[in-house]
Each structure stands twice: as C-alpha cells, then as structure tokens.
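My structure is below; once you've seen it, I'll send some questions.
Lettered A, B, C, D, E and F in written order, each chain numbered from 1.
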Amino acid sequence: MKDFIRPTLVLLIICLIAGTILAFIYQQTAPLIAENKLKAEEAARRLVLPDAEFFKPVSDSSDVLYYEGYNADSTLVGYVFSCVQYGYSSDVKTIVGLTPELMINAITVVSQAETPGLGANCTRDDFTTQFAGKNPYNIYVDKDGGVIQSLTGATITTRAVTNAIRDTFQKLRDKL
Amino acid sequence: MDFSTLFIIIIGSIFVNNFVIHRFLGLCPYIGVSKKMDSALGMGMAVIFVMTMASTITWLIYTFFLNEATSIFGLDLTFLRTITFILSIAVLVQFVEMVIKKAAPELYKALGIYLPLITTNCAVLGVSLLNINENYNFIESIVNGAAAGVGFTLVLVLMAGIRERLEYSKVPRSMKGMPISFIIAGCMALAFLGFTGMKF
Amino acid sequence: MKAIQEFTKGIIKENPVFVMALGLCPTLAVSTSVQNAIGMGAAATFVLLCSNIFISLIKNLIPSKVRIPCFILVIASFVTIIDMVMEAYVPPLHKSLGIFIPLIVVNCIILGRAEAFASKNGVFKSMLDGLGMGLGFMLAIMVIALIREILGVGTILNIRILPASYKPMIAAILPPGAFITIGLLMGLLSILQNKKKSKA
Amino acid sequence: MLLVSIIVLSVLGILFGIALSFASKVFHVDIDPKIEQIEEALPGANCGACGYPGCAAYAEAIVVSGADPTLCAPGGHDVAVQIAKIFGTKASKKERNIAVIHCQSGGINNTNIKFENKGIATCQASILLSNGQNACTYGCLGYNDCYRVCPFDAISIDENNMRIIDEDKCTGCGNCVEACPRDLIELVPISKKVHIQCMSHDKGKFAKANCGNNTACIGCGLCVKKCPVDAITLENNLATINYEKCVSCGLCATVCPTKAIEDRIKIRPQPIIIEENCIGCTICAKKCPVDAIDGKVKEVHKIDELKCIQCGICIDVCPKKAIEAKS
Amino acid sequence: MCAKTFKGGIHPHDHKHFSNHKAIEKFPAPEKLFIPLIQHIGRPAVPIVKVGDEVKKGQKIAEADGFVSIPIHSPVSGKVTKIGPYPHPTGTIQHAIEIENDGKDEWISELQDDEKYYSLSSDKMKECIQEAGICGMGGAGFPTHVKLSPPENRPIDTVILNGVECEPYLTSDHRLMLEHPEEIIEGLRIIMKVLGAKRGYIGIELNKKNAIIIFKQMLRDHKNINVVPCKLRYPQGAEKQLIYAATKRRVPAGGLPMDVGVVVQNVGTAFAIYEALRYHKPLIERITTISGAIVNEPKNLKVPIGTPLSQLLEFCGGTSEDIAKIISGGPMMGFALPDLEAPATKTTSGFVFMGEKEVVDTTEAPCLRCGRCVDACPMNLLPSFIADKVKNGQYEEAMKLGVLDCIECGSCGYVCPSHIQLVQWIKIGKIEANKLKRQDK
Amino acid sequence: MSLVNVSSSPHLHEQVNVRRVMWTVVIALLPALIAAYLFFGWRSIWITILGVVAAVGTEALVQFLTKRPITISDGSAVVTGMLLAFNLPPLTPWWIPVVGSIFAITIGKQIFGGLGYNPVNPALLGRAFLMASWPIQMTTGWATKLANAGVATVSGLKQTLITGGNAQLQNLITSATPLNLAQQIRGDIVAGTAGDSARTIFHQLSSLDYIKELFWGNIGGCIGEVSAAALILGAAILVYKHYVEWRIPIGYIGTVAFLSWMIGGIDGLFSGPVLFHIFSGGLILGAFFMATDMVTSPVTKKGRLIFGIGCGLLTVVIRTWGGYPEGVSYSILIMNIATPLIDKLTPQKTFGYRKKSNK
C-alpha cells in the first residue's frame, strides 16, 4: 500500500502547489492580457480611421459586426469592419476603415501567414495605401480587370484581400 | 459529417503542413531515430497511436474542464491547458507502455520501446494544442492527430531510407551524422514546398 | 568541477543545440528573426533556471515511479507562468512565438538537464548549470536567427543592414533554410573541433 | 477560480498517481537489474540522440547487445562513467595486447610483384586474383584493409608505404587480425618488443628473392641458437618467437643476417646494482640469460658489463629493487 | 529460324572470326607436361604414381578421391619427375604431376573399337565414363558421372547439349561440332540412354549457322532430338538460361537443372563420352582455342592435358605485340593469368591474349545507380546493391539480395558505366556468405 | 616480358563510361537550347552559359577545398548547370542561374560526397531553392520571339480574345506561361468567377492549332521546356543509346496523360486537354532528362515504373490543386526523396525463384 500512497501524494502536492501558483499568476495577468487584446484591436481601428476618437460596436442579427467611429464631438466620421478570406496558404484578416461616404479610408492587414517576401508583403504600406479612396463596392485586382495593383507574384493574396473587402462590404452596405 | 473537411485536414497534416518539415515539431526523434528504416517505421507507428490517443484525451479534457463555454465548471481555465495536456500525455504514454509490456511483449518489442521517446516528442503536445487553436471538433481532432502521425511517419521513413543509403557514402567527415541529416531534411523541406498553396 | 565551469560548459563545450542536438524544434521554428530568438531564448532560460533550482530542491522527495510526471509538472508550471507573463507584457512577441512557448515543456534540454543534472546536484550548481545551458541555447538560436534574418530579410532586429538593392533570399526564413543553416553550422563547428583536436 | 484550478489539478494528480503506481505494480515485468540500473543512470530525457528509441531501449542495448556506453549526448561523460561503474570495472591485471604486423614489406610499393593488379584495391579482393600480386605469397598485400578496419585510428601508413601501429592507440580489439587475409597480424603483449618481421615459409633463396626489402627470414637458425631463453623455434623455414618465453632481450635481432627481426627497444639502459640494497639472494644471477652476474649467496653481486646484454630481466626479478637501469 | 533466348543479358562483340574458320590441329605432345590434380569440381585426385615412375599413355596416374571426383590419366608415355605445387589455369597454385615425355607415345593398352557400345547397360556406361575421368568440359568441370546419377526422386526427361559457346573468342566447341557432329550425337544418345531421357536438344547460337545446318541434317533420323537455335545473347550458354530458352522451364533459385528434369552437358563432354565408350579412351586431350587480336596465328588445337600455355602460344606463332593480359577461358568469365606457365586442363576451352589497347580500364567511379547492371543480369539480381553491401561488409544483407544465386557471368560488369568490378565484389561476397552459412550450421 | 594485367572477369567491357553518358546527355540537351535561342534569343544561351560555368566552377572549387580529386571533366556538373538554366525564365536576372548553380552543386551534390551519392536531383533542388527564395524573379521574365504575344500567337485564340473583348484575360495571357494561364482560368471556371470567354479559351488550349504551337515551342516558358519537338529529338538520342530506359518516361507521361484527361478538364471527368498537358510545362524535359537521372531514380525495374507513375500523379495533383502551375520539378523532387524507399519495397525476384513449396 505504501507503494501507492507516496507517489500519489507527491504528485498531488506538486499539483496543488502548481495549481495555486498558476491560478494566482493567472489572476494577476488575465486582466492585462484582456486589456492588451482590446488595445490591439482599438489600435488597428484607429489606424484605419484616425479621425475617430471612439468606436461604437454595431451588431445585428445577421452577425456582421462593425464599428461606427465618432470624433470628439460625437459626429460620425466613418465605419470600421474586419474581413477575412483564405489566401495562398493562410487566412488573411484585414481591417477596413470607411469614410462616411462609404469610400475606403484606409486598410490594414492584421493577421496572415502567407509566403514571406511574396504574399506576406500585403502588410506593407505601399500595398495597403492604394486602397485609400477606392470604392469598396467594386474593387478588383488588376488581373481581373480592376485597379488594385497586385503584389508581384502574389495575385492570390491580393485577391484574398480585395475580394474579402468587396464581399464583406457588399453584405454590409445596406445597413450603413 | 463533412468528409471534405476531414479530407482537407488529412492532406493538410500529412503533406502541406507536415508536422516535421513545415511546423518543426518532433525534430529530435526525426533526427535521432531515422538511422534505420525498421526503427523509423516502429517509431512512426507508435507516434500515430499516441498522437491519436493524445488528441482524443486532450480534446476531452479541454472541452469538459478548461473551456469556459463547455466546461462543467463554467470557468475559463485555458491557462491550465499546457500543464494538463502534458501531464495526461506523459501518464498516458507511461501507462500504455506498461500495459503493452505486460500484455503483449511481442508488440512491445516492435512498438513499445519507442513509446517513452514520445513523451517529449513535441509533435504530440503540438497536435493537441493545434487542435484547440484550430477549433477542431472531436472527430476532426482525432483525424488530425492520426494524420499528423502519418505525416510524421512518412517523412521519418523517407529520411531513414535516404540515410541508410548515405551511410557509406563519401560525405565529408565533418558533415557526417547530424549535419548531413539536417541537409537532407532541408532538401525534403524544399521538395515539400511543392505542396504549398494546395487547395481543393 | 569548478562552479564557473558548470556555467560555461553549456555555452560552447556542451552547447545544447549544436553539440547535444537538443531542443531543435523551437530552435528552428522561431529563428526566423533575431527578436524571436531572443524572446524564445529568454523564456527557455527562465524555465530552465527555475526548474533546475526547484528540482534540485525537491529531488530527494520524489519516488522514481512518478519522477517524470513530477518533473514535467514542475516544468509545465513554469512554462505556463512565462506564457502568461509574456502574453501580458510583451504581446507581439508572444504572438510571433505562438505555439512554441507552451512547447518549451517538451524541450528536451529542460527535461534532460532536470534528469541528468538537477536531480543529482545541489541547488547552486544546478542554478549555474541551468543558466549556462539556457544561455547556450539562446546563443545558438540567435546565431541561427542572425544568419536567417540577414539572408532572408536583409535586416537585423528589423534594422536594414543590407542595401535595399539586395534581393532577400526568402528560402532562408522558410523551413528549408532553417534545416540547411543548422546543418551547415553544425558541420562548420565540427570542422573547427577537428582542427582543434589535430592541433592539440 | 483559484479553488477550481487547484481542484482540477489535484484530481488529475491523484488520478494519475494512483494509475501509475497501480500500473507499475500490476504490469510489472522482470528485467535485468543492470538494465534498470543503467536506465536509472541515464538522463531519461528520451531524446533519441543515442540513436536508440529512448533511454530504456538504449540501456537494454548496452546490456544485451553491448552497445557503446558513451552515446548519451545529454548525459555526456559523467553518465558514461556511471555506466562503466555499473558494469563493474573488470580491470583484470592482465597485460594489454597490441597488434603486431609480421612483415616488413610494405605491399605494392616496395615488394616484388608478379603482375599488375587491376582488380579491386583491397587485400581481401586481391588474393582472389592469382593469390595476390606479390611475388612473396606470404607477405603484406599493401591494400590497407587493416588500416580501414581499425576503429581507433591506430594504424597509420608511413612514407615508405609501411603500416605502423600506434602502441598507445591500439586497444588490441583484433579487427585488423581478422581483416588481414594473409594472417600477418598477431596480438602480442605490449611489453614484448622484439618481433620477427617475416611470415614466409618459402625456402631461404626464394624467400629472399621474393621479398621486396630483402629482409625475409631465410631460416638460417642463428637466432634460435642465440636466444638465451629458447623462445625461438624454426619451423618450415621460418623462425617464430614464443612470446611466453621471450624476454625481449634483443639478442636475436643482433645476429639476424637479413634483419628480419625487429628490436623496438632502441637503447637498452645498463643495469647497475645498488650495493646497499643487494642482499645476495642470487636470483638475478640465476635468471641472467648470459651469466653476466656474479656473486655468492648473501654477498653483493656484480654485473659484468661486457657480457651484459641489457635485457633487463634482472631488474624485474630482483625482490629488493636493488638493480636499476642507468640511462 | 525461330531463335530462342532468355530475359536480360548483353550483346558483346563475339570476336570469333579469328579462329572459327580454322580446322582443329593436333598439337604435338611437349617435352614436359604438368598435370594438375584438380581439374574438376570436387575433391582433388590422389596421385598413384611416385617420382621416378615410368608411365604409359592413358595410364591412370591419379585416383578419384570419393564419388565427386575423377581419376586422371597420363596423356603421354614418359617419366614422373615431380609432384608438387604448380600454377593452375584458374590463377591459383595447385598440386600437379610433372611428366617428362619420352616421345614414344606408347599406350598402356591399345585402343579398342567396341561397336556395340550402345547396347551396354546404363550402369556399365556410367562406370565407363567415370573410369575415363570425364568432367564437364564447358568450364566448370563437374564430374560427368555424378551429373548422370540423379537421385531417384528427380526423374530426367530432357537432355540438353550445350553448343552455345556464348563466350567471345572461343571456337573450340564450334569446330568440334563442325568436324565431329556424328560423334556428338552419339554421345548425346548415350547420355539420354543413361538417364532414360525421352528428349534431347542441342542448343547452338545463331553465329554458328553452319553448325546448325549440319546438325539439322544429321538429326533428320532422330525424331526425339532437336536443334535449338539460340539468339546471340550472352550468357546464352549458362545452364539455367539455356534450359529456359530450350524448354521454358525455370530452374529454381539455389536448385539444379535436375530439379526440373533436365541435364545439360557440353558438346565436348558428349564427344568425350562417345570416345570413352567406343574406344575406351580416357580423357587425356581436349580442343582448346588460342585466340586474340595480337596472336599471330589463332588456332583451334587438340591439346594433351598438362601442356603449358607458353608452348601453345609458341605453336601459334607468338604474339605481334607485348601481351597485356592472358585469359584462361573466355573473356567474360575466364581468369586472368599472371604468366604463361599454367597448363591446359580438361576444362580449358581456350586462352585469349589481349594487347594494351584491348585491356579495359578498371578504375572504379562511384556508382551512378543507373540500373544497367539490373537490366543486364540474367538472374534478375541487383548487382550494384549486392556489391555495395559486400563493400561495406554487410554479407548477410548481400545474402538476402541473393548473392549466392549469382552465376558470375559478368554481364553486370560489362555494362557498368562506372567500371565497378561488380563480379569481383560478388565473388568476395559469395566467399563470405558461404562462411556465414557454414557458421549458421 | 613486361608485367601483365590481372583483374577479375569480365575482361571485356562495353564502350561506356560516366563521362560518355554525361556528355551524351549534354548533346541531347542541345536541340532544346537551339530552340530556346530561336524563340527567346541570345539571352537564353547567356543564362545557360552562366549556369553551366557557375556549376562547373563551384564543383571544381568545392573539390579543391575538400582536397578531393577534381572531376569536372565527367560532365555531370555541366548537365546540372544546363538543366538548372533550362528551368529558368529567359529574362531572369543574370545572378539567378549563378546562385542556383552554386546551391545545386554544394548543397545538392558535393555535400553528400559528389556524383552518385546525392539523394535528389541537384538541378531540381537548385530550382526549388530559387523558387522559394526569389519567386518574383522565377515567375516573371517570360519572353517570346513575337513580342508580347505569348499564348495569343495562336490566331484562333487571339480572335477569341478580341471578340470576347475581355481585357483582363488578355493581360493575363501576355504575362504567363500556358500552364499558368490554364491553371488560373481553370481555377476561375471551377470557382464560377469566369465568363464564357474563359471557357472558350480553355477549350482552345486543346485545339490542334494550339497544340502545334506548343509542340514546336512558340510559347512562353522556361528556357529548356519551350520546344517539345527539340526535347523529343534529344530524348531520342538517349533512348537510342540506351541511357534512358522506357519505364520512367513512359510511366510518367502516361500517368499525366491519363490523369489530366480524367480530372484536368472543366466539363466534368474525362474531358481534360491531354496533349496540352503533355507538351507544356517541361513535362517532356522532366520525364526524359530529370526524372531519369540515374542517381536519384530507383534501380529496380518495378521501382522505376512506380517512380514514373508517382511523378505523374504528383504532377497532375500539383497542376490541378497546387499552388504552382507547373508540378514537374516538385513531383520529381518528392519522388527522388522516396527513391530509397521504393528500391527497398520492390525487391527483384531472382530468376527461377520459387516459394518453398516443393520440398
């Protein structure tokens, strides 16, 4: 019987200690982590809609979540939505800022794992800036007859970004 | 059941995002146990078995204990996932090893001796964590675990084949052993790049 | 052996990555940039240091049957701690290291040192050993990352050092580049060692 | 939160603790205690660096199939030492053997040849072709099979294409002995320093003519006569040293007309008797092969330096360490 | 002509034009003969004469040692001058009886002409063959009487005479077939009677059309004997390959032709059997080809056994340039000799001399794994893999790959672009594998 | 008498050695190079020379540094350099073939001990490395003799484009190789995002006119893969010389033909453009010159057939679902890696081998 008790007991004690410490540290860090997440999202929104002071999430039954951006005077300065589509080898997630006139204000690619040096270049400014001022309703990649210049050698990623914006916007447009 | 999803998971885990040469998981046994084809195969089989088991158990633990939405406690205990996963994998492996050793010594000789090596195979813990990250459901998790194991076995056996062939080649002395194995792995990784971007 | 030797041996003579070929998975996976390398190195060093100290403290209490589960538990706890701390304070780094932080648990270096050294030696020695090994790991991963980042991106720590006209060799930051880099480095090291031996 | 996490972990801990200790009891399998001990000594990281699937498998391989005990990378030297201890240092006091090559003809470059061998350049292969290209059918074939099989780099090839055995590196493993198709290599206790460097059973005339170095044993028998301890015999035209009797005095080498005997002791120090220590036991005088020591019982002995051949036997046999070598 | 063949093999130039038109010449017995005690497979014969003994032509000078062995007879009358080691045409040193020819050419008992030889009982025939010291004359030299005594559970229904002579340069069998077809057919009939076989075949390669035509004509009356014209392909003359070509039967790996009810004999053997039965003449001479581009007068010679090669070459007018290689037997399977001392034996079908230009460079390059050796191997083995295993001392692996099934025909070495000496590696492998086999037992 | 030579049998040898084999391959590759010159101009020869010089130079340098005998005259480095260059776009920057050759020779070959020991085809490894490193330089820089014509040189196809008035497709055509075009159009069609004109174009791919152009090589593409006719001429030399055995190329091309017919089409199963797939994208080059690389393909007869079929299968899979338009080099690389395994799994039956039943 002794053979059973000692290992079990030791394991138990270590588990106890570990559990305690971990739970304690978790309690300390959890709010920070949550805050970080919010901050990061907020920062991304601010990036695509710099005029806005604060954002108001808008969600309806059709489960498309978007934000309305207001300036200090609480006037609407634009909208922010996020969209995602599978690119060459990963999901490409983009956050788009719209002016109140429903033109693109700015976009930023927040997460992707495309080929470095090719598709991954979609996060670079020289790519994202070309979206500013375009009408999201009918943007197309140049290869498809549109105006968005595709990344060299990475048409698929470019398409993923462009088409994601277009498709999501088309769903959203009626609500804005 | 959506079979095409499962198919994509299988192809993805075996070829496109092969655990060893794309995700860098399980490199130690990959380099260590690839000298002989026979042991590579034994190791591979053991890994497939353990990965499938581990995927099952960790998914259950995660779903019923840790995940806030589905947990019986209703609490977010995800921060415990590393510790619970690795503990259950370690115990599972040790337990299975003991059982096989007693119950089926023949099987143990062929397969069981590779079991202890698997505890510290990061591919096993890796697949458990990835299952959670990818939000796979129960069946998908099991399939992913098995497929990842198959992918591991595949590259392990291929590697063993090449190394057996190279054993008596004129590889420069300083490159013999580990270094050349990594070069081979590099060649394999380059070849497997052909699978990237695969879509069905 | 002198205390200072316990510390320095891990850095070059018994370098965990190049000489003992342990902890390969994270080494290759996160060495795409020097920044990641430092982060991973620091995290692993922390875990190694803490677990070595802790295990050398409790080594006499643990029965052999549950030795491995106990060690793993200890290590996993520290890994979870560093995981949470990093997520709280350096979220970008945490994100880019991704799954490889929890995978420190199964890093052979840590369990290996716990078993081979900490469970047999005193606290002070174990501490030095852990620190040395950790730094050796960090050094190795940084060297690899340095090469891969310079070749693959043309930068060090995101600071461009090669002229903009340099067309980055993307393969260097892809999996094949990792394998080939470490293979060549190991080969180089063994050339140096052979030279040293023949001189001695 | 705190409580629940503790509970979860504790439950797991208890569960696994019981499961494991239960399993280890129920599924206990007897194994060689040595394997267990070695497994204990190994780091248990199961990293696979040794090439075996895990520490247990490696431990078993060491015990059962005699695997190299120094393969553990994480454990390094310390573990290797421990494993050696577990095996119990069987360090018997038996003298270490080293390999000696009994031929002075370095093969293809300096022996007389019958034909040009265009076949595979190994000794093993060359004897398939008309029994080797050397004129001497007993001599070294010179394709270095011995050199290739030596796991310790103990065999080197000098500028005269002779194979030299490094006495320090040679462990007497016998790989080269097995590899030599002409059976020229023999394991000899390391203290024996005089060797016959020929294996030719040909008659003197042929043996000499066939030998590239002209250093074949011609079976003249001078060494047999000279040997003070009757360690040399002549059989079938070839002198052979019985190493059990040989005292490495080197006298045979001095008389050999063809220099077929090699004396590896270049300088033999002159033994001198330390008079205060000598108790006159006469052992040395009895043992001296050339009767160079004189002395009566219980009197100090003397060495006749003219007769002395500096074989050193007296130094070894003196119970009082009263004889020393003067450099 | 519907020619038969087998799978694999190669097409080397046959170089037979040097001597295939030269009629067989009788070589006058030399002054000294060196008669090896081993000229066959099995245990060496035991000398029954002493140094100084007078011997007569056809006198038995060595007795068979056991069943798998044959006696040896003196080819001349003279005096035994020495019994000791002497070079052998296989490139080794073997014991031989040296006889000084007295030039009298006295038979021990004059030759008879026993016309009723065919009515002898098969046991009697066998005994006669055994006494005449006949062994397979194609090259291997297996004692003929052993081949003719299959165990009872292996009934033989077919006898194949091997007149393929696929080795380049050699023409001795060819000439024999042209000059003594009747005798050969009679020999075959004797063999068939001894074995109780129903069918007989004579396999001849297409480059000996004149021989095929002769045999077809001669065999009109023998319904149960057929000529099998074979495609020009090396090694068509190998036993198993010839059996496959003639009967489509496959001799099992590690098995013997009798396992499929077949016995193969060389045409020369058939001729010797005929002579032994009809004239009670022991095997003391044979047809040997001396050929090669550098030989001044290539010839087919009827040579007393034990004649040293140097004399044969002299008889053929020597060579036009320095000899770079001396081959005993054909160039594909024969042995290279270090000098001209070796004598002709019962199994020597020829000697080939090569000049500097014809000698192949044998520097090994790394294996390209091109697989040409695999395509060429008539036994369907993997020669390059076997050689690789042998090179690295993995003899057990080599055994698993069938190293012992190799017939050493040399096709693989012939086609290897890297000039790897596959046959020599395989020979080493065979020796080591046999050692292992013995250890296991 | 001077000393004679003694060696083991056989004492005759076929007139063949490594050097002869390799230089024959070089000669067999020349027609394709000439075709490349005719269609793409001097640039293609320049790139090829750079690749060859870099390969030979690297081989010599590495062998010099590792103190091994220098074996550049055996021609294997020349073959590697040529094959590598043949897999590059004609207008690629000059340093691409140089870097590729250096990588191919060092990492692909010399590090394993030189000729005969490399597990994968060095030229293909070099190409995969370049493809991973500089994808932009490797996927642009196509040239055709008729400037800016590309696929559109086919009159019928051109007509379709003009009448279809589909500007975006025209754009696409001028910058891509035929396979690139086919893959993209097919992708669009399968996804349902392309119009009828795209369908027409896809059908044009299997028209006799277009196949003719493909066969002679009047299309965009890599230096060496452009002219199927020239490649077949070269392959004929190798086949005639018995340096190439039928199992690999026939297994390879046959599988591609069957599978592309089965699944490569847009109108359901068994509607794919077979000839288009055979003559485009370096399949001929791969099947006859690269898959048949002796060192990296199986030795056993059955193994060679499996190897060829495997290459074909992977090629079609990559062309149909993969991220690259052209799957030849990757599929051969992957099968190279599997070669030792194939060899091991396909032992040959010794002649006359029987199961131990009758004993």
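Criterion: a residue touches a chain if its C-beta (ideal position, glycine included) is under 8 Å from a C-beta of that chain, and two chains touch if they have at least 3 such contacts.
What you are looking at is a predicted structure, and each value in this text was computed from that prediction instead of being measured.
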Steps in the shortest chain-to-chain touch route ending at chain F and beginning at chain B: 1
Co-neighbours of chain F and chain A - touch as defined: B, C, D
Of A-D and B-C, whichever chain pair has more C-beta contact pairs: B-C
Farthest chain relative to chain D (centres taken as mean CA coordinates): A
Chain located farthest away, centre of chain B as origin (C-alpha): E
Mean-CA-position distance for chain F and chain E (Å): 50
Centroid distance [mean C-alpha coordinates] between chain B and chain A, Å: 31
Between chain D and chain C, distance of the C-alpha-averaged centres to the nearest whole Å: 43
Sites on chain A at which at least two other chains make contact: 3, 7, 10-11, 14-15, 18-19, 22, 26, 30, 88-89, 115, 117-118, 156
Overlap residues in chain B, where contacts from two or more other chains coincide: 28, 31-32, 79-80, 83, 87, 91, 94, 119-120, 170, 172, 175, 180, 183, 186-187, 190, 193, 196-197, 199
Residues within chain C bordering two or more other chains: 21-22, 65-66, 68-69, 73, 76-77, 80, 84, 108, 111, 168, 170-171, 174, 176-177, 180
Interchain contacts, given as pairs of chains that touch: A-B, A-C, A-D, A-F, B-C, B-D, B-E, B-F, C-D, C-F, D-E, D-F, E-F
Residue ranges of chain B in contact with chain A within the complex: 16, 79-80, 83, 196-197, 199
Chain A-facing residues of chain D, complex: 1-2, 5-10, 12-14, 16-18, 20-22, 25
In the complex with chain D, residue positions of chain B that touch it: 28-29, 31-33, 35, 39, 42-43, 65, 73, 75, 77, 80, 83-84, 87-88, 91, 94-95, 98-99, 101-103, 105, 113-120
Chain D to chain F touching residues, read off their complex: 113-120, 125, 128-130, 133
In the complex with chain C, residue positions of chain B that touch it: 21-28, 31-32, 79-83, 86-87, 90-91, 94, 119-122, 124-126, 129-130, 133, 172-175, 178-183, 185-187, 189-190, 193
